[in-house]
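In the two complexes that follow, chain A is the common piece, with chain B as its partner first and chain C second.
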Partner chain A sequence: METNNVNEKLLAMQKAQGPLLEVKDLKVDFTTDDKRAVHAVRDSSFSVYPGQWVAIVGESGSGKSTSAMAVLGLLPGTGKVVGGSIKLDGQEISGLKPKEFDKLRGTKMGLVPQDPMSNLNPVYRIGTQVKEALKANGMDVAHEKRSALAKALAGDEVAVKTNDDETFIGSAELPALLDAAKDALAKIGVTGDRADEFMKAFKDEWVPGSETRWRVADDLIKAGVKDDDAWVIAKKYVTGSTLNDRIAGLLSEAGLPDAATRARQYPHEFSGGMRQRALIAIGLACRPELLIADEPTSALDVTVQKKILDHLHYLTDSLGTAVLFITHDLGLAAERAQHIVVMYKGQVVESGPSLEVLQHPQHPYTKRLVAAAPSLASQRIISAHQRGENADALLEHHIVGEDKLEKSENIITVEHLTKEFKLPRKKEMFKAVDDVSFSVKRGSTLAIVGESGSGKSTVANMVLKLLEPTAGTVTYEGKDISGFKGKELLDFRRHVQPVFQNPYGSLDPMYSIYRSIEEPLRIHKIGDTKSRQKRVRELLDMVEMPESVMTRYPNELSGGQRQRIAIARAMALNPDVIVCDEAVSALDVLVQDQVLHLLNDLQAEQGLSYLFITHDLAVVRQIADEVVVMQHGKLVEHATTDEVFAHPKMQYTKDLLDAIPGGKLQLGLD
Partner chain B sequence: MGKYLLRRILQMIPVVLGATLLVYALVFALPGDPVKAMFGDKPVNEAVAAQIRAEYNLDKPFIIQYLLFLKNALTLDFGNTFAGQPVIDEIARAFPVTIRLGIMAFCFEAIFGIIFGIISGLNKGKWYDTVILLISLLLISVPTFVTGFAGQYFLGVEWSIIPVTAGSDPGFFDLLFPAMVLGSVSMAYIIRLARSEISSNIAEDYVRTARAKGMSNGSVMVRHVLRNSLIPVVTYLGQDLGALMGGAMISEQIFNIHGVGFLTYQSILKGEGNLVVSIVTLLLLIFVICNLLVDLLYAALDPRIRYA
Partner chain C sequence: MTDTTNTFPAAETLPGQERYVAPIEETPLQDVDKVDESAPATSMWADAWRTLRKNPLFIVSGLLIIFIVFVALFPGVFTKIDPNYCNLDNSLGDPEAGHPFGYDFQGCDVFARTVYGTRTSLSVGILSTLIVVLVGTLIGAVAGFFGGWVDALLSRIIDIFYSIPFLLGAIVVLQMFRTSSSIWKVVLVLALFGWVSTARIARGSVMEAKNLEFNTASTALGSTPMRNLFSHIIPNAMAPIIVIGTTSLGSYIVSEATLSFLGIGLPTTTVSWGGDISQAQTNLMTNPMVLFYPSVALAITVLSFIMMGDAVKDALDPKSRTA
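What follows is the complex of A and B.
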């Protein structure tokens, strides 16, 4: 109850100041080539109060990103605000000229974009790109001036600090500052271990270019130094930093370790998570009052996602920045934001306090979202065996299949599988996969879980015989696949089919859908033109796609539709095993849910076995019977799905479970 | 980096050897006897002919001729022409002209190609974008000798705006139109390259990020759109520099410019093996070195590219 009171008080405080951003009846249109208007956003209204996190939730194409870009004045292509109003701090901004918008962006509104891979210019150093943000808003000049002024007044009584004119520690003065702090501690009688403890804390806290004068003084006072002495030290040694210090300070605030060195590196030398941290530093560089975070972590691994969002939360809280958080994951939204706005087909269909929306969804679409959100579903149990009808069918199929053919229980067995790669300019080999053993039971699903780089995709490629293992064996139906050649290999390929992560890349853009699905039949010389046509129709029906798509091309289909086509293609040859390498990771939650159900139903009907590679444990719970957890190429845990979720043994597995967004939310189950 | 450079330079050796052998063989296989041709309409004096053949090693088998040429070339002695001039002198006379022509053509295609490319790329779909595209398509599809002859006839002969021919010691204005003809096709390619690069880069996410930082439109264009778009343009230009020298043959022939192309053509007609091979080797070296420089420039412009 007490937390509720605190929240209410906070909300009342935020509301008292009036909204920071007020969007009313916003209408955004795009113009097609033949001059028709497409209404991307229709009569949408929402507000963001100072310091508040507001989430806009919806599937792709729902207008959530478009609304956010309209606020920033960065609508792509032919997009145009055709009605309604956008007020920032009470000022109408929807009709502003581009030049006037330039002044608002950066200082009033910042952006953390979706895809860290494409949002940094590959030809400039990270530091340069942060500097651009400071320069564009005159913060660099202000910064140098302020530092010079502070230096001139060092030790003087005049306070330079006003509201946003902060004075930061400079890297040149840091050693002297630390010495002075040590002396001050000695003066009040703090020595030995306790002094070392304080000094260590100071060293961690006092980041050049980020920590301000008054916080240094505050730290010293908290350590027991007298107020006056603390301020004398702070004023004498915290005299402003150089621009490079400031850049490093911003990057380290965003959670980038060793920021001064990192600032001199190029984007391609950074991982996705590090790039996203750099983008957060850029978005917050000029201390905007509103930060628009457009799916800031959906391109990242779940564990990295959690770390980055935690950090962003901490940072915006301490700076008092309001955040407009755009996501397709309702669980994530509910966990992070105080207020949720649900958008569907360009309209706001529901909005309210997070838990309320989650527990009592009113609009049918919101109800579907709640049901489909993987992060929320993971709290319920939807494993194949326990799903009423399907489980029965599956079990029956099991028995029928095994009795008739008397085959072994395991369709694929992997033993002591190891794969080494040679790294450029390094002598020692890199072990991508290290002594991994497991088996896939006939008609069941085994999921391999791990972060990117854990070697799970390498295992998949070896099972598919697309990569040769350095050591160990993969057996299919009791036969070692390493010896497969010619006809035997073709036969193996026919029975073990892949579905890959990226439905955009795994279909040939020059092939019609019909040709894509028919191709495996043609290669394996199955049937004639007529029977193939019939089979393609059947397959399309199986994945619930209309026949009319046969003549269309991949670029005319959505991601989910393409993935269905990829599944239909994999099913064309009646395989026994399908290897799904992150087959649903790139899809929207609703589409993901549909595809998972499709896979489940196909398994029940056809007795398929799946090897399911994913980084998302939430998905695992929906589809897998057994789970193998991989870390750094090694198998660290292997158990049934329920066992892993109920009693994870390894810390790493626990971390992965913790990283599921919304995992700790209590749903009022109805 | 040093290792990479050394490897690239060592790679040039087989390229040069192979190319010279090939060109030497082609000249050797040319129909007709160059020595007999020297006598013109007069009867051939067999004794004199034999003496000339011996002097120029023409009496020896092909491979010996080639090796002798190589041996001399290593000491920078490229032999004499049939007229008795040292080959090196002929080349020294012709090269400056072609270099002047090539540099003028290069500047023409670089400046106008980039300017029109930028105009087109930033204004995709406007009427002048369409006009620029049509002109560039025309320049690409019409062979240079057609553009050259047509320009020479109309601008030179009919309207007397430009000199009809350049002659042996051409000045800036004599070479202006031939240089434009020489650079026209590449200019058209550069326009199209710059246009497509700019129009695709403008839609890049990092450009939007730059705008979100609050940068003005001008600096976003210069720092993010143009900077990134010019990388492939600059590499194309670098490779073209080498190709221009060799490609000058047609313009030089049309406008009677006594440069390398003109000299090569004449010496092929006369069967001057030493001269042809020497010129081709030199052009080849220029081409290979330009390529190497382009690769190094590419690494300097794009930090993602590193050679080891």
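What follows is the complex of A and C.
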């Protein structure tokens, strides 16, 4: 097998070169206001070989980002490396001065930060910000070494010529080069359609500021042009690019189409995915040997995440760049990296080859993580289905059978729901929701899935009667909710309760937990002080929180705990329907799992119906009976969960399913 | 583009990347998302109080303010002399036993006048602040909460008040009450021109609090907009208003002194630091000490309140801390 050969060669090369980054017994402390030391990272060791993707996985506060920042010498605030060693290319860098770190960053190490929204300066053009990265560093990187590695990674027999490495096509010479190429093709007798085909390929490939002289020559030789002629053309017309060409070249390498125009735009003209591509271009601008990607796609939609990571993988492979990939998603880590490092409470608890760690987790924490990861869970269900086994045992949620679903009555029906918003400075209305119809059956869960901007939250708000629809109706128990006023509205509110996405925003910080949970009882004038107190205790018990939190305030609780309080509040009035708007999206995997369990248990005990809004199909698998897929405000697909996962009908649904991290892993999980 | 998903190299691992599992006792597992029941309970106010308690600025200004309030409430404890008993024989007399600060031009006891002046200054400051905070918060909150034309109208009114120079406006209004000798006319003038800045801050902070998710949550629970405004939005918008209230208390005391100094504030029959400073300036060259005592009293009082305002600001809004 050819791939095996390449891998063996690569392994031998990596072995010979030794680790690029070697972190040994790293200790990082933060000092608190009252001078106490908090051990953020304790005795952690891991290493990254040239050209390798290594993933650090952990939940928030596990020390994964802190470890990466220590490597970059960018520890925030009072953070300090207090022990251990960090070796880059065999050189100790943990004690370096900030000035010396400046020299390493850019050329040796690059960073793709987490939040694409806040990491670009809004007052500078994108191109200017790439230029800054180029200017801040000398561009003398050991290209040869990298190219050799790139070759090994690509498994491609390419002759690397010295001295030609940093000579790119200039945009001024490109037309002449293309003419010369056409002539050369004509000379060797390639004309007509075949020549056009080659020329089209050349036009696509030869991006000014990105394509080097030797690649041009190589392309020509592959097309059949004689070696000498090819080199004459390459040497004559590829004579180096301007800085602007180079900037556009870098941006187009990062996957931005029409890069020259894009370089002149400002960050606000870019979408989140495009900004992340620009940040990747900046991170890779000076051809670092090690790229540190700190949750580079966590803020993006799954389909965008997949595209960007695919491209980053392709790019780093062709440049021979090693990547230290920080993520909270075990499935994503396993899919992208060869080696996984699992961190928990500041320590490395387990590390090893991705697949092995995933298949045979040994540390209890890793086991827990593997069990909870939604992407892996849905994977398990799919493989059980494939083996023809009953997957019910794997589900926390007992799916209501299709026949039973059909029989049960609708508790909420949405018909031809449409919502238009007026855009500022524009005449035409923007259709956020466009003719959506579905119904939630009593005692079941319907999930609405879609990416940001699909209109799923707008639907939720209309079902909750927080927004009035432009057209269409929402009926609850057969009654149109648009006419609800006064007592009727209060009654509707009592039966349909929301749980919102942001556990930090949905509880009033000035209210104690007791007051927060008691609020609905107070609004609906139920019971007296004593009976309310009893009810709050019951509710806290229901969401598995100790009674002692009653006197506490939201800022003392973690995100998952707050979400459980929000659920307790929603449950206070014994509702029939709970609308969960991205209720678990902001939570760590384990906590997310816990909250999903809770929701499932409550449904089983109380016969609740859920309308579950989420962007994460993997979570849907664990909780929903029916799925509605939305795109650009329209309903794309509506079927039972099993049906959607097993036989998606629309391309968009297939893309979404495809983008679930870890979806392609051959886990062989048991 | 080539297929970039993981191809997983053979089982062989590189040195340093062998399989590693940490001993379990080193990082024992905790319950997922365990509630830390040992930590002390904190609300925003309890938190602010904890920060304040340790702030030397707060301790010093707090002690000073307690002292000043005590003087204002019980001036008789400090002096038995009537501040309005003046004997021209003692005009500009030097300090002597029982009269530590000496006498002013009219022959009144400077110590007694300084002590009794505290009450005037403090009442004007506190009363103006209370009215300003109440009126300003209400109008600002209404503007911020309802938005639309209500906001447009109220904001223009606020702008109009902003555009009137304070001294000019104060002189015009006070001329109308020339005959009144009550401190209320000064309080009302200060409130009339002071509420606008509080209203602006209240408007901004209500607009911010209005968009927080807990209001939507509360609406979905069945709460009415008015209930939201009073039980969620205003309490959450109070912090910056309290900060500006404490800080501006000092400046109202200064303004009262300024107006009294100009002779349009309190009548000469009312003992006040501003009035005394004004009286003393005629003899500045010969008897500077007569000017000195009320000025220092004024400065200490104003400084205490401004320091207190700063400390409160630090505690309520840790982001604004400079250090």
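Quick note on the criterion: the second predicted complex is superposed on the first by the 600 of 670 C-alpha atoms of A that agree within 3 Å, B and C clash if a C-alpha of one lies under 4 Å from a C-alpha of the other, contacts with A are read in each partner's own complex, and residues count from 1 in each chain.
Here is the rule we use: contacts are C-beta pairs under 8 Å (C-beta built on N, C-alpha and C of every residue); 3 or more make two chains touch, one makes a residue touch a chain.
None of these values were measured; they are calculated from a predicted model.
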{"item": "Partner chain(s) touched by A:560 [first = chain B, second = chain C, both, neither]", "value": "second"}
{"item": "Which superposed partner A:98 touches (first chain B, second chain C, both, neither)", "value": "first"}
{"item": "Partner chain(s) touched by A:509 [first = chain B, second = chain C, both, neither]", "value": "second"}
{"item": "Touched partner set for A:568, first chain B, second chain C, both or neither", "value": "neither"}
{"item": "Touching partner for A:493 - first (chain B), second (chain C), both, neither", "value": "second"}
{"item": "Larger contact residue set on chain A - chain B or chain C", "value": "C"}
{"item": "Touching partner for A:74 - first (chain B), second (chain C), both, neither", "value": "first"}
{"item": "Partner chain(s) touched by A:132 [first = chain B, second = chain C, both, neither]", "value": "first"}
{"item": "Chain B and chain C contact sites that coincide on chain A, given as residue numbers", "value": "none"}
{"item": "Of all residues in chain B, those that touch chain A in their complex", "value": "203-206, 208-217, 219, 223-224, 227-228, 231, 301-304, 308"}
{"item": "Contact set on chain A toward chain B in their complex", "value": "72, 74, 76-77, 98-99, 102-107, 109-111, 113, 115, 118-125, 132-133, 136-137, 266, 268, 279, 282-283, 285-286, 424-425"}
{"item": "Residues on chain C engaged by chain A in the complex (per definition of touch)", "value": "1-2, 4-22, 24, 26-27, 29-30, 32-33, 35-37, 39, 41-44, 47, 212-214, 216-223, 227, 232, 235-236"}
{"item": "For the chain A and chain C complex, residues of the former touching the latter", "value": "3-4, 7-8, 10-11, 14-15, 19, 22, 47, 49, 154, 310-311, 313-314, 317, 334-339, 344-345, 347-357, 362-365, 368, 464, 466, 489-490, 493-494, 497-498, 500, 502, 505-510, 512, 519-520, 523-524, 545-546, 548-549, 551-553, 555-558, 560-561, 566, 569, 573, 590-591, 593-594, 664-665"}
